[in-house]
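Report on the following structure.
We call the chains A, B, C and D, going by the order they appear; numbering starts again at 1 in every chain.
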Amino acid sequence: MKEKVKRARVLIESEDRMGLVYRVSKVFYENSLNIDSNREFVDKETGRFFMRSVVSGEFEVAGLQRELLEAVPEDASVRVVIPGRKKIVLMATKESHALGDILIRYADGELDADIEAVIANRDTLSSLVERFGIPFIHISAEGLEREEHERRVLAELKRYEPDYIVLAKYMRILTPSFVSSYPGKIINIHHSFLPAFIGANPYRQAYERGVKIIGATAHFVTDDLDEGPIIAQDVIPVNHRYDWRDMQRAGRDVEKIVLSRALNLVLNDRVFVYGNKTVVF
Amino acid sequence: MKEKVKRARVLIESEDRMGLVYRVSKVFYENSLNIDSNREFVDKETGRFFMRSVVSGEFEVAGLQRELLEAVPEDASVRVVIPGRKKIVLMATKESHALGDILIRYADGELDADIEAVIANRDTLSSLVERFGIPFIHISAEGLEREEHERRVLAELKRYEPDYIVLAKYMRILTPSFVSSYPGKIINIHHSFLPAFIGANPYRQAYERGVKIIGATAHFVTDDLDEGPIIAQDVIPVNHRYDWRDMQRAGRDVEKIVLSRALNLVLNDRVFVYGNKTVVF
Amino acid sequence: MKEKVKRARVLIESEDRMGLVYRVSKVFYENSLNIDSNREFVDKETGRFFMRSVVSGEFEVAGLQRELLEAVPEDASVRVVIPGRKKIVLMATKESHALGDILIRYADGELDADIEAVIANRDTLSSLVERFGIPFIHISAEGLEREEHERRVLAELKRYEPDYIVLAKYMRILTPSFVSSYPGKIINIHHSFLPAFIGANPYRQAYERGVKIIGATAHFVTDDLDEGPIIAQDVIPVNHRYDWRDMQRAGRDVEKIVLSRALNLVLNDRVFVYGNKTVVF
Amino acid sequence: MKEKVKRARVLIESEDRMGLVYRVSKVFYENSLNIDSNREFVDKETGRFFMRSVVSGEFEVAGLQRELLEAVPEDASVRVVIPGRKKIVLMATKESHALGDILIRYADGELDADIEAVIANRDTLSSLVERFGIPFIHISAEGLEREEHERRVLAELKRYEPDYIVLAKYMRILTPSFVSSYPGKIINIHHSFLPAFIGANPYRQAYERGVKIIGATAHFVTDDLDEGPIIAQDVIPVNHRYDWRDMQRAGRDVEKIVLSRALNLVLNDRVFVYGNKTVVF
């Protein structure tokens, strides 16, 4: 059956090879597709090639993908993504700033996503979430082994088949087993300017160290705690008058803005992950 | 005579047309050129297409340019630039921060340019400039009509045939006639976050207005005073404890960094001008 | 009747005079008050003195104020403020980002204020506001003279006796008569880095101008449109790939953060207004 | 002998005690001194009190200090500093950006200091330094034990009796013995956003980690490498297109601005060190 669409994001990752752009743009040309925007990057160290084109015209997704796959090296990855709302599930604990920022953007129609549910290990945020007409699923970890708790969370997640899981200040560490169920699909906001102050209470650490700037890092979650590919970072200045709670308060503004920025980048298919890094177009 | 080179910057500006990227990359491919980096942009409002590719391989500049011109629409502009040191002349008055920053970078080998001379309407900076082994040309404006002064400056400039003229806090307004002698070739640092506080003593104006941030703008000079295409901007925070001289002092750091950043962008052929705007790749 | 309290913010504005700090700190000392924090500023141009002290101990507000008034010059203003929740009313039109950010902070307990109501000239935001259990008052301006509309808004405001009115993207211009009803009490977020791009659609203006940075300004509202004393400003970088709607979208993040930051400063009695400027401690 | 002066910076560090501000301002008042600016800070965790007042009038330094010492607790430190040019020695290796930035500010009269000499372990920068009429002392470390090299450097330093030593990209690690010769007097610029990426080639580390922001930290040198009290920090955004050399190049701009900012703060006696932190007024 033919599926005619108007616009697609073409995402290619490949070994770099002479003529790649030529071959890909030839496919676009022969399909009478307009290139609305186009960005490429070659990582010199690894020889990897990345390309994100937004094309418009009349085409079949499967057919276009087939033609592109023939144009690129064998090991290459080609995705043809029709822009549209992705499915996300948010996970939280009890802090509302990052979660609330996403909810407001959602209510505002700013997010190109449907929030299927919010899963939390505390029930603090239930009334906030429910105000937005979103299912709030409380899965307490009290008295449960970590594996059992994660098993229950995974069971809920499975029902929603989310494209991405957003940890909006979810304060529990995920096991490698959990992470491997959603590889490259879990986005976290780290309350620090990575790689600084890994671990518990980074604001306390930042305060003790007397820093003059604090930051936040949005990253994909991998097995290494706080060590996944960085999507976005930002900072704000602080000074000696900030105690660690003031730093935390100031940090919240950076955290929420950085997480929402990262989420929008991911929802717009602007982020390629390779090794422990990202290309952000 | 054949002129074989290894690397070139290909700069194309054109009406947007389907197949443009295809045709250009076909030329690269048929000449066995590697694309080291490639950036494109289409301005939706005006339908203009911009492309900057860095290619490497064996080729003749003239031949490559000819082939590219055949591949693009008739009105398109195609430049094939061999990376290399451009010739610049700096113009200054008496403030040393922006000039000095460029001189230090020059001494450091950071600038891909030769500073042919510094032309100033005061002699305050002569010893600083001469320390760097650069000709300092003092052309006083005292008792001269504006046109006569500019005539003398132009006469000196002519000797050096500069690719770009950098106004490093040159505090005189240039006439349209002067500007038209070097269209798109004169870079200025404006001591304000344009379009705010146009005209004399913007720091005084900023102080009076009680702003909490001050900025600087590097732009190409056009007939409209302080209104040319913006290349780079940046800001720093200030507060009520800053009087206007403090703001000026703080502003100097932004001014020099922004001007040097803009200069490097221009020297690397990363800036396209169209209408009153720039595309900065 | 004695009103014993533990902590107060002492806010003094005065002509500068030798011995002022001495006389004020003498009052604190003689009342056995601890100075938890203390900030002073003298504006050299106007000779105005500003002081904000947080003191703790046992005291009567009225008595302390009386003693302080005796210690300072006759024209001085002395306020002894017991920290506590202020009453605010928000005004909005149809954009939710600034309003939503305040609501989330409110729900989070971050604001030292009670939001008495949201007044809007459209009903777009009613469901969002009501989710937070806050009265939403829709006063349409359709078919009404400006004065009549404002009369109705003022009538509602009067019921709440707000300490501050926050214009969270309220898109109507207030008349001098309205403003004079709440002098120094109305906070606005201007969608631009003042003084640039005053008036309608500043993002469109910023786009046309090709700026590389956009900003937002929170300020007190005075009779001069967009010209009141600035409380806070911030910026974010943009580039040629942003059309004006992208700039607007990016600008929203700055707008909401700047407005909330300004609101918190005001609620903490950290902002003095003098002339067309602010001192922000 | 009487030493009458017009203006002084009074710097007090003490255990916090009720009435401190009162007692100190009483001394000012009784000496008919104007307070031009005044900043205080109490660190709640440690109960330390910091005060920096700029006073003007007629007074003797020794007499004023004596009176102030009587007004404060026994363990307090009181310094009465007459504003004036401090003596500094710069130390460098072969990179010119941080050194050059200081030299240009020096030539410009912006620094309230005399640069007595530049000491370097390479001779790369000799011609740059000598252009500014400043003694360049090359003390090669080739074939020398660390202690012997430092002994020679210390011998030179001794001749100049510097108030501060500025490590402007001095790429050798100082021994605790060296540091203890100038406690709280050595300022370093760390090519990273501390505490991240301590040690060799932080730009390489930052690149490997795929960070989106890089920074620089100016700090006092203590025995712990890269761990002294932070004076100033700043950052700039980078992205995937930066290889580590690009990051290094971009980082230089932050490094030099941050170091010069820290130096100016120190020269203006605005920095108190306590424990491993600073109070920066």
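Quick notes on this structure:
Operating definition for what follows: a contact is a pair of C-beta atoms (placed from the backbone, for glycine too) under 8 Å apart; a residue touches a chain by one contact, two chains touch by 3 or more.
Bear in mind that the values here come from a model prediction, so they are computed numbers and not experimental data.
Counting C-beta pairs in contact, the pair that comes out ahead of the other among A-B and B-C is B-C. Two copies of one sequence, subunit C and subunit D, touch each other mainly through matching residues, since over half of the numbers at the interface are common to both. Relative to the C-alpha centre of subunit C, the farthest chain centre belongs to B.
Here the CA centre of subunit A is 37 Å from the CA centre of subunit B.
Work out the mean CA point of subunit B and of subunit C, and you get 41 Å between them. The set of subunit D residues touching two or more other chains comprises 37, 41, 241. Because contacts link each chain to all the remaining chains, their graph is best described as complete. Against subunit C, in their complex, subunit A makes its touches with residues 37, 95-97, 100-101, 103-105, 107-108, 110, 128, 131-132, 241, 249, 253, 257, 260-261.
Interface of subunit D with subunit A (complex): residues 41, 43-45, 193-197, 208-213, 215, 229-235, 239-241, 243, 276-280. Remark: subunit C residues 18-22, 25-26, 28-29, 32-42, 237 touch subunit D in the complex.
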